[in-house]
Amino acid sequence: MDFVAPKIALSGIAPEIALAATALLVLLADAFIGDRPRTLRPEHGSARPGSGILGNRWHLPLLSLIGFGAAVYLALDAWDRVDATGATTQFSGMIAVDGFSVFVKITLAVFGALTILLGHEYLVRRDLEEGEFFALVLFSVAGMMLMASSADLIVTFLALETFSIALYVLVGYQRSRLDGQEAAMKYFLLGAFSSTFFLLGIALVFGATGSTNLYGEGGITSFLATTPAADLSLLVLGAGLLIVGLGFKVAAVPFHMWTPDAYQGAPSPVTGFMAAGSKLAGFAALLRLLDVVLFPLRWDWRPLVIGIAVVTMIVGSILAVVQDDIKRMLAYSSIAHAGFVFTAVIATNDRGISGALFYLATYGLTIVGAFAIVAVLGGPEERRTRVNDFRGLFAAHPLLAGILTLLMLSLAGVPITSGFVAKLVVFGAAVEAGYTWVVVVGAIASAIAAFFYLRILVVMYMVDAEVAEEPKAVMGPLSIGVIGLSAAATLVLGLFWSPLIELAEKATFFAGP
Amino acid sequence: MNAIVDFLGGDIVVTAIVKTVVAFAALLLTTLIVVWAERKVIADMQARIGPNRWGPYGILQTLADGIKLFFKEDFRPRTADKWTFALAPVLAMVPSLLAFAIVPIGDHITIGDRRIDLIVADLNIGILYFLAMGSIGVYGVVLAGWASGSKYPLLGGIRASAQMISYEIALGLSLVPVVLAAGSLSTVDIVAAQAGSVSNVSFFNGVPVLEQIAELFSFVPNWYIWSQWPAFFIFLIAGIAETNRAPFDLPEAETELIAGFHTEYSGIRFALFFLGEYVHVVIISAMAVTLFFGGWGGPKPDFLPWIWPIGWFVFKTGLFVYLFVWLRATMPRLRYDRLMWLGWKRLIPASLVWIMVTAVVNTEGVSRNARLVVFGILFVIVLFWLGKGDPRLTGAVTPQRRRVHGPS
Amino acid sequence: MTTGPTVEPVDASEVARRAQHEAEESFGESEPRLDTEEMILNVGPQHPATHGVFRLLATIDGEKLIHAEPIIGYMHRGYEKLVEQRDYRQITNLVSRMDWLSGINNELPLALALEKLMEIEVPPRATYLRVAMAEMNRILNHLMFFASFGAELGAITPTFYAFREREDIQLALEMATGGRMHFGFFRPGGLKEDVPAGFFDQALKGVRQVIERLNQYEDLLIGNEIFKQRTIDVGVLEKEVAYSYGVSGPIARGSDIDFDVRKDDPYLSYEDFDFEVCSAPNGDCFDRFWVLVHEVAESAKIVEQAIEGMPSGPIMGKVPRVVQAPKGEVYVRTENPLGELGMYLISDGDRTPYRLKIRTPSYSNVSALSHVLKDTYVSDMIAILGSFFFVLGDIDR
Amino acid sequence: MNIEVVVFGVSFVVALGSSIAMLFAKNAVHVALFLVAAQVALALTFLLQGAYFIAAVQIIVYAGAIMVLFLFVVMLLGVDRREALIEPLSGQRTIAVGLGALLAAEIVYVAVKGTEFVIGGRGEDALVTINEDPGNVKALARALFSDYLLPFEATSVLLVVAIVGVMVLARRMGHEGFLRETTEDEGSEGAETDAEVPA
């Protein structure tokens, strides 16, 4: 029995490879290029923000951005190939190369690049080390991408762990903040806990089907196709545990406990990245798993997911109302949004899938901007993130207040913003699948949610004589750019949504048997 | 009788049990002799006489010491953790003993029509087993340090655990190239792969003069020391560090930490630590011989053919034990941070590089040993580059100021 | 139990405090930090590296020494008071017990002080013999520290070699005095008795052997890479600090202080001999040790010269039967193996001294320890203690 | 009845006993030690099944590396420091016991029914074939470097991420941790590049 080397085609994971390689390069460049004060002694001074917002450390963000650019290029290249030859699997069926994964990858790359831009300014202002931050962001995006294109539960698990571990660290990156450390600790412990659920789910699925592979020969799909009469209780149990594990990542109720703390404690650029990227990656895996692979079992898992969707929407919206801290508020709002996306998941039709992708893309662009604004207003340790700290923002920074208004309205789902279109699409998909009552619940939740978005607006525009301290935005060109970009995307996608929706619709073809 | 044999699983298991008992006894005996030999040799090196009271040349001295220690009061500090304190010496000793199971001490003997290999267990994961036992051995030291409930042992225990974990990595990595070269994790296979002569390596075949020259070296055995010597040096250094012997005896540095992790131990428990250390020395020596010096291989005259391999093995192992003693007599102790520096920044990268080199070179069969030598030279260059240290350490450092006349 | 003045009052904990303070200032509220715990370790009074009942109160963080405070006085015997109760002949034997490694050298300043006070002329043979024996004693002392320093760094073999070399010289001194540690041989006015036949041969044999073998030992220890790593740039005692603590002897000379009483304030007949004062520029453990080793060779040279040029004649000057110093005071300093040994003798004309103030080298030398030990490793601590060449009896008189 | 059964029995008892003892031990070091004992016993059962490689790896990785690091940390954190054994949530223990029982029942159910679920000739027969022909080390290597090449490599990325993360979190916080409010109040040094949104 001689060893036969496996055929290795790298095109499927080329974006991931590019990102991981860039991350390593960033680490090396960080170590060897430029002066990097290891221990900042008072007499040495340090790389102060005064030496230009790009400082003498411009090469690291630039390198990271080049990495993301390369990833997007490679993903587009893969899309062309998929267009030409159809969806395939690579690496002995471990990787799916299909429109779905490519769409998700490009979106993730955009989120990552925005995070790098924001993060650079955030870190330079706070005198924090940058190299590891960028490397971790790059690695985590690589993990998320791998998750989107994985066609084997083992790879899914590894990808999940890769981006989760990077995020645990990023949450506690600013170590002088104790709430950040607490958040990282909580996120880590609960995350590890959920990973074990996911792992047990994999084990049960393997026990039921004899494979962890989704599509390949003897994989789960072919198992379901060939042995319809088998006892599937173990498989359903396993699938349930997989939903638990992924539900944690997308912050669905009742697996949402970590979200407010982690969102609040993390540096705001990281929070935005978590809200956008982690959710997208989690839903990518969920969509592939539920709507494609376990499609034949949809009658088994759908009640569970519907339950999750309803509870998530309601609980997220209601708890957001009582929050006093804007980051916590946005955290609960992100939980509610996860519920909205779930309505698309239960639709199990192409419209649902494209709708979910569209929703996640627009939501990510909006939330990154929202957290960017929080970052520039929050102060060095983000202590000024209470709702009342936004009092008088309009007087101090009218344009910023205007942009925040736009983003909040988009999150609330008001027309002419992307949030409205996105909600319309996912609710439409659910209605099409016959789940009108879920949509009604979603609408009610939206109405509740509108309350707290508006509350911020009210506070912002309120002219109050007793403002203790005016909100003061400290931002450089990068923050302004990201915020502007986010606002523009929110507005443009609210008006001209069709190109992105068409792209998302193109992304609904999956690799498969 | 037959029932018992059946219960045990047949003749094979009975043979194994007999082998185990014999190996155990032989190892303990060897250790006693090694302890005596070390004392005698080091005394000679230090212009002393050494033990000379019990038996000829004091050979029974270790036995006497053992008896003395056995009857000493078994003292335990009040703050010690009772069970852990008792467990630690056992854990320090037993894994070392167990590791001997995979060392082939000879070819085989034939009793009746039964062939008995002179190895306790030829596992197909032999090298991994060796590493596993080494990793268990850490516990003895760590727990001893912790359980004593006082400060010096704790410091020693922490030093020991950091040191042994660090060097275990280097040790394990240094074995990988050998495994790659031999294509097996079994020690028996590795010894077998080293049989024959270096001239079998047909690097120079077809080259007119060089071929003849290569033929001249046919008496040189085909040991891995020639092709794998970087791995050997890494193994040796890491192995010495694993045994906590000079110059890596920080965990028990007597002038710094009194006696390190076994400060609070006395009597038979101390004896177990003591024996464990020497058993470990024997094991590392035996593994060095097995992996790099052809194991029991050597000329085998017709007279008593089975005894020669054992003799060669014992001889080679003895040389390594002598090396251990020699080092102890010569070297001062490393400092803790230098020790970690050496392990993490030099040995581990070096062994990783060497694994890569071996893996690349090993893909083609014919001239691999010669290629390995070439790569070895490259490797040394890298090594020296890595080893470039403080110029004050490597250059001339002697201060040269002397005043000859009068008040200054 | 004094530890000498502190040169730098800032220690690590203060730096931390300052940083904390800074943090508080910038944010107005302080947050607890996650730091590793410091541990207080008592090195000694019973510890193999302290050569006796010397205690070092060390605050360590992992392997790092944050602060170390030498605590002395565990074997204080009150010699300065004892000598006031004893007559001068008895004192000779008392002071020889201060620095038990260099008994003869301890007796020397007392004899010199009395001779100065009583205006006794010492015959040249006695002077030469004194020089020879003092230097032999110095070799014994230095070899002892050579031995112990190696052992402390983990090299056990040099210890035994050093003891082997000591033995021949030790034997010569034994022939002359009958003692191995406490000789009681120097008397006011000269020596107790003349040296026996064979003494010179034995002494020459001893010192020549030392000269011959010293190079080997240097190679064995000083040439060792690990030894260098352990000592070079470890425990640097700056020149200024050494001055301010009054450090003397090989330790000071290792810190570039080129001072040797034998050269700078000659006594006995040191001017007659050709020898060098070794000093080294860096002030680290290596330099101290290097000076120590090279002084052995210089001492051996002096012994050779003294024996070769040994005059004949009496070994005792004119001394009254009752040794009774006239009223007055005198200060005498000699170069003890470990540094400058000073004796300040005040006499009120009685048979016992009114006051004898002894300035012992080790006492001043160890007071610099807490400065040198700051921010080193535990292993460095041992190297530094070993390279500070102190004898407990010399600290606690 | 042969010696295998006896060995299995012993390792079974040790594994179970030390696992239970682990739950009830008060001292952190004892807990770690019981865990080690359970790991070693588990390795023994692997050995009995002929999975030598897994057994060795079990000891090297779990008992030899991870648990030693556990002990190392416990020792460094100080011997005297014992966490208070007060439950932050009342009734937690009762619920835990209930859930544990449920889990045990589930495991038993899966174990009993498991053979029915397993499809496609995996199990004992496959193990025997693998152990006979190439030996399980080689079979494992073959699987790792062919079918499971990508997960194998992805694991290395995962480990790199973990290492970088640990470096970030464990790096000694020098002065870097103490921020200065250059951006808030004084702002003098950063002023020229700090563009503010026009009022």
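Here the chain labels run A, B, C and D in written order, and each chain numbers its own residues starting at 1.
Everything below uses one rule, namely that a residue touches a chain if its C-beta (ideal position, glycine included) is under 8 Å from a C-beta of that chain, and two chains touch if they have at least 3 such contacts.
Note that the structure is predicted; figures quoted are calculated from it, not measured.
Novice: In terms of Cα-based centroids, which chain occupies the most central position?
Specialist: D
Novice: If you tally the C-beta contacts for A-D and for B-D, which one comes out higher?
Specialist: Ranking A-D and B-D by C-beta contacts puts A-D first.
Novice: Quick one: chain A and chain D, Cα centre-to-centre, how many Å?
Specialist: From the centre of chain A to the centre of chain D is 27 Å.
Novice: Could you please state the distance in Å, as a whole number, between where the Cα atoms of chain C are centred and where those of chain D are centred?
Specialist: Roughly 58 Å, centre to centre.
Novice: Please compute the C-alpha centroid of chain B, do the same for chain D, then give the distance between them in whole Å.
Specialist: The mean C-alpha positions of chain B and chain D differ by 30 Å.
Novice: Can you give the whole-Å distance between the Cα centres of chain A and chain B?
Specialist: 52
Novice: Could you check chain B for residues that touch two or more other chains and list them?
Specialist: In chain B, the residues touching two or more other chains are 158.
Novice: When you check chain C against every other chain, which residues touch at least two of them?
Specialist: Those would be 23, 27.
Novice: Give the residues of chain D touching no fewer than two other chains, as numbers and ranges.
Specialist: Residues 76, 173, 175, 177-181 of chain D each touch two or more of the other chains.
Novice: With touch defined as at the start, can you tell me which chain C residues reach chain B in the complex?
Specialist: These residues of chain C touch chain B: 39, 41, 47-49, 62-63, 150-157, 159-161, 164, 220-222, 224-230, 232-233, 256, 258-260, 263-265, 274, 276-282, 286-287, 290-291, 294, 377-382, 386.
Novice: For the complex, give me every residue of chain D touching chain B.
Specialist: 1-4, 27, 29-30, 33, 36, 40, 52-53, 55-57, 59-60, 63-65, 68-69, 71-72, 75-76, 79, 135, 137
Novice: Per the contact definition, I'd like the list of chain B residues that touch chain D in the complex.
Specialist: Result: residues 6-9, 13, 81, 83-84, 87, 123-125, 128-129, 131-132, 134-136, 138-139, 142-143, 145-147, 149, 154, 157-158, 161-162, 165, 168, 172, 185 of chain B touch chain D.
Novice: Using the touch definition from the top, list the residues of chain D that touch chain A in their complex.
Specialist: Against chain A, chain D makes touches at 110, 113-114, 116-120, 122, 133-134, 142, 145-151, 154-155, 157-158, 160-162, 164-165, 167-169, 171-184, 187, 189-190, 192-199.
Novice: So in the complex, which bits of chain B are touching chain C?
Specialist: 42, 45-48, 151-152, 155, 158-159, 246-247, 249-250, 253-258, 328-338, 390, 392-393, 397-399, 401-408
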